[in-house]
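Paired with subunit B in one complex and with subunit C in the other, subunit A is shared by the two complexes that follow.
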Partner chain A sequence: MTAARNPARRNPLAALWWVPRGIIFGLMAFFIFGPLFNLVLWTVAEKWYFPYSLPLEYGFSSWAKVFAPRGGAMQSLTNSLVVALLTVVVSLVLAIPAGYALARLKLPFRGLILLAFLIPQAFPNLTVYVNIARIFYEIRLNGTIPGVVLVHVSHGLVYAVWIATAAFSAIDAELELAARNIGAGAMRTFMDVTLPLAAPGLMASAVFVFLESLDEFTGSYFVGAPDVNMLPLLLYTTAAGGNYQIASITALLLLVPSLVFMLIVERFLKADVLSRVGH
Partner chain B sequence: MPKRLLGLLLVLPALAVIAFLFILPLIMSAVGAFQVEEAFGWGNFIKTFDLYTKDIIFTVVIVSLSTVLIGIASIAIGGYLTLGEHPVAVAILRWLYRWPMFIPFIVVGQILRTFLSKNGMMNNTFINLGLLTPLDAVSFLDWRGIVIAFVWKQTPFVALLVAGAMASINRDTIEAARNLGASRLRLLVEIVVPQVAMTLTVGLILSFVTMMSVLSVPLMINAQSPTMLTADIAFRVNSYGDYGVANALGLISLVLAGSVAWIYLRASLKERA
Partner chain C sequence: MERDGFLELRGVASHYGATQVLTDIDLSIAKGEFVALLGSSGCGKTTLLRLLAGFISPSAGEVKVRHRDVTHLPPDKRGMALVFQSYALWPHMTVAQNIGYGLKLKGVARAEIANRVAAMQSLLGLDGLEARKPQALSGGQRQRVALGRALAVDPEILLLDEPLSNLDARIRLTVRHELRALQKRLGITAIHVTHDREEAMVMADRIVILNAGKIAQAGTPEDVYNRPASAFVAAFMGAENVILLNGTLEDDDFSIAAGTANVAGNVPLAGRPLASGPVEARFRPEAARLFEAGEIAVIGPGITFRGEVAAVSYPGGHWRHVVRLGQTEIMADGTQAFEPGTRVGVFVPAEALFLFKSPEAASVSPISRASSGKVHA
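The block that comes next holds the complex of A and B.
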């Protein structure tokens, strides 16, 4: 490295820049990781009260309570996972044909159709959920797992359709043509050539939809509660009841999948797919 | 022609979900806002403004203030990532700023509730460092808590968009201005920010709409009066079964979000004209 390129060597005082940098990065780290560290402490705090700044006793009794076979938490965890998995399945079943059509077939109003899937993200949705709850109450879907799944699907569909469209358009059409030329039918070509090539992109959209569903609060609050209990609802009721240990463990269960996904998202969403999202 | 028909058939089921589970309830809420016991009228709005004018103003102020703070923070982060000269410092910032992005709002509400309370970790740390005396410690779980939660959660998202746009700016203009002796702050304000204005506005509008519809943060951090419209809607439905006023409140928040989008549309049309 030449001296001109390295500011530290160009100017001996440049090292002093680390003082303001250190203060700003330190404050940022405190405000980003402080609340997260606090959360982890609460999950293992047996005794913690004013005026102590750290827990007095540590232990895993709250974890045992959460994972007790007959505890309400296990029920919420199961419900959340079942709803999230069903939401992924339904979203993909809807999004794969739609994405393929949007990417490959000449569609009238293609831009408008893509935009339509964005509507649920672009309007304040609380009042919509209130009215969905009323409709579902009439047709007896309120307070059922299928009801909650449908609400989550409407919200997650934008990720599923947009990413699926991008994944299909990133595939070289020549490969499909080659398969057709050696005598494969349209369906066979799609199953054996197109679908496997689009799989990483579809996988990414599935994870997005899964996380959206896992973290969704408002729709579950109006359509699911109190019959279908989900993790975010459990978090809300335990926190409102002042049980910070259970609330923090629930929060951690919701948090970990999101953080893991953030760290690996680049592996699933390749640049060639990412650059086509929304086009 | 049959190929077009096939395409529409493939898209139709997904579109039907949006139509029946979003657009239909949206229309229902707009109609319901004007419905007072089977007749149409302004009754719900009169009641709404009677009871909730304070909360409407509170919501607008909180969300606008948060949007401004998110804008400033994301320009600062994006700007440093683009113009920062020390590779190690840039790498540290790039690693640091993204963490809150994927954390769900309900979890943000819970962790900030324990962090910002009177005896929470923030005050405790400041007291232990000697920056604060125990008597001066106050709880931040009021309007400030909501603003902090929104800025905490939404800044990484807008900063990611803004930093991406800044990275694709032509470096030549930046280098030219730098050679003429422009300071980094001036470079940021006069050259970089104007070129990413569109991306910044889109990110901020999406954040604005998101914050207008978040229920969990006001419920977790500050559910006393005055509070945000989302908490009022939930209260109206759950405690009174009063769908008329709830829909009127919903329509008001829709109009607020829509007016922001309208400002953006007008600005972008002017730019193209």
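The block that comes next holds the complex of A and C.
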């Protein structure tokens, strides 16, 4: 009792410090997990209308509808995954040599080159993609998977190149010199020393590009639809049509890879790489 | 050891931007020789080593190995293995993979690689560490892995870039001898860059002292220590006491005039290019002999200074005195301590007294590198 009273005598409010902290954390948790919980509820709600705060009937009929052969969701999911994977491959094929050059060579206007990759993000998406769609229509890329992949690459390249540049410049150049010195040619050095050491950073950049592609809406809409339907498009049309069950399931499908990949990024992207992003 | 020009540098120069880093380097190194490149930081010694390894191209001159021009060969075609100051071990490879990588590149069979890596590990005392990653090794172990990686490819020439500077002082002393013994046993030609005078002295067959991108002197440790070619070399090799004197040339002797702090003296000329006029005298604290002002101390050829003890300390083994000679202060060691304020005489024997043209005279006619700065007794 005396032990409990002593700190209280010094500052009677100190013992109550957990109250504001608890409220703040509780609010934060509510703002993050509240909507998510609502989302999950919607996916299993059979009947739910105003003024009831909880669904009246639960069931998996919406899930069955989404995953039915003619539901369209599977088609969209496949499209989204194929496009995302292709986008990652194309972006990395471009970003690895570009990042290495930006990290190692003394390039003039290095800062400007890095900034150039930001341009697709710097202008309003709508204006950019409407024009891309017009050009793609002329060269018959509209409504094709490669067309959508190209749009996503232009969008994701900024992550790929910036992070790849950071990953390569985080590698001590002496490690490469050591390999050259012991008898490895330039290409062999790159494959045996540089690439394995840059792999975690490159992995992280791949994850960013993958997530960007999965989420991308505007470009997919103008270039892909209606021939190539993607998951965000499905989400948009179902939600706009008032079908919250289907929309929630689609949202959940989009959320899962995001969560998985955020964990991967957290594991692979080390501080020494992060500190060099954009430099 | 014959200078058959196993490794030869002719007129090598290098610059970084507008800065001249190396100027006119001529050096001929025999097979099996251990050469130390000694100099303070920024003197160009590391640049020279990297130039040999092929990481930088010289702006002029040529590098030859066995009379074959290798000046513009890429680093992987030179047969020179470099041990980096930072060790530069590959963090994603184990100790065995680091050591065996060079052999793998040569296309040596897997079993043979394993044998040779194991042999290298026991040679360097790394047994049982083959599966460790470099991060899990101590500094000394990393240094030995770096050495093993370089030695595993059987290089003709081993380049060492201050490989001992990251080690504890105590380990460093033993590694010096281990490294030297290993180099002798394997008969490898080694070029060792260091800023540590003592390290260069105990390890090298020959010391090349670099100053501002030029060779200040090249010679055996005994040569550069006892017969420094210039005031810079003398100072770098520990002769930090400096006094300006006046003297005249008299046949084979250089006769030093009595000054404010010194009595007149005579030292043999012994072929040094001195002219009558001001000279710069340099000597080491341990070369001086201290005695009380009243004592007579004509021990042999040399010079005697008169001054007053300003401070005394005991660094171990002998007493170190700061002696005030007129305007300047010098250090002198003695077997007994003299109290501060004592009037003392400081005798420097001729063989330990290095005389050079004073800087003003030197700027008119620079000291030739070929000339010897020795004062014979």
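Methods note: the second predicted complex is superposed on the first by the 246 of 279 C-alpha atoms of A that agree within 3 Å, B and C clash if a C-alpha of one lies under 4 Å from a C-alpha of the other, contacts with A are read in each partner's own complex, and residues count from 1 in each chain.
One rule holds for everything that comes next: a residue touches a chain if its C-beta (ideal position, glycine included) is under 8 Å from a C-beta of that chain, and two chains touch if they have at least 3 such contacts.
Just so it is clear, the structure is predicted and the values come from calculations on it, not from any experiment.
In the three-chain model built by superposing on subunit A, subunit B fits alongside subunit C with no clash.
Once the two structures are overlaid, the count of subunit A residues touched is higher for B than for its counterpart among subunit B and subunit C. Vectors from the Cα centre of subunit A to those of subunit B and subunit C enclose 100° in the overlay, to the nearest 10. Of the two partner chains, neither subunit B nor subunit C is touched by A:Glu138. Contacts of A:Leu197 after superposition: subunit C is touched, whereas subunit B is not reached. In the superposed model, A:Leu150 makes contact with subunit B only, not with subunit C. In the superposition on chain A, A:Ala247 makes contact with subunit B only, while subunit C stays out of contact range. By the touch criterion stated above, A:Ala178 is placed in contact with subunit C alone, subunit B being left untouched. After superposing the two complexes on their shared chain, the closest approach between C-alpha atoms of subunit B and subunit C is 13 Å. Subunit C contributes residues 53-55, 74-76, 80-82, 84, 86, 88-92, 101-102, 105-106, 149-150, 153 to its touches with subunit A in the complex.
Listed in rising order, the residues of subunit A touching subunit B in the complex are 7-8, 17, 21, 25, 28-39, 42, 50-51, 53, 94-95, 97-98, 100-102, 105-108, 113, 116-117, 119-132, 134-135, 150-151, 153-154, 157, 161, 211, 214-215, 217-218, 221-222, 232, 235-236, 239, 244, 247-248, 251, 254-255, 258-259, 261-262. Remark: subunit A residues 172, 174-175, 177-186, 188, 192-193, 196-197 touch subunit C in the complex.
On subunit B, the positions that touch subunit A within their shared complex are 3-4, 6-8, 10-11, 13-15, 17-18, 21-26, 28-29, 32, 85-86, 89, 92-93, 96-107, 109-115, 119-122, 124-125, 127-128, 134, 152, 206, 209, 212-216, 219-220, 230, 233-234, 237, 243, 246-247, 249-251, 253-254, 257, 261.
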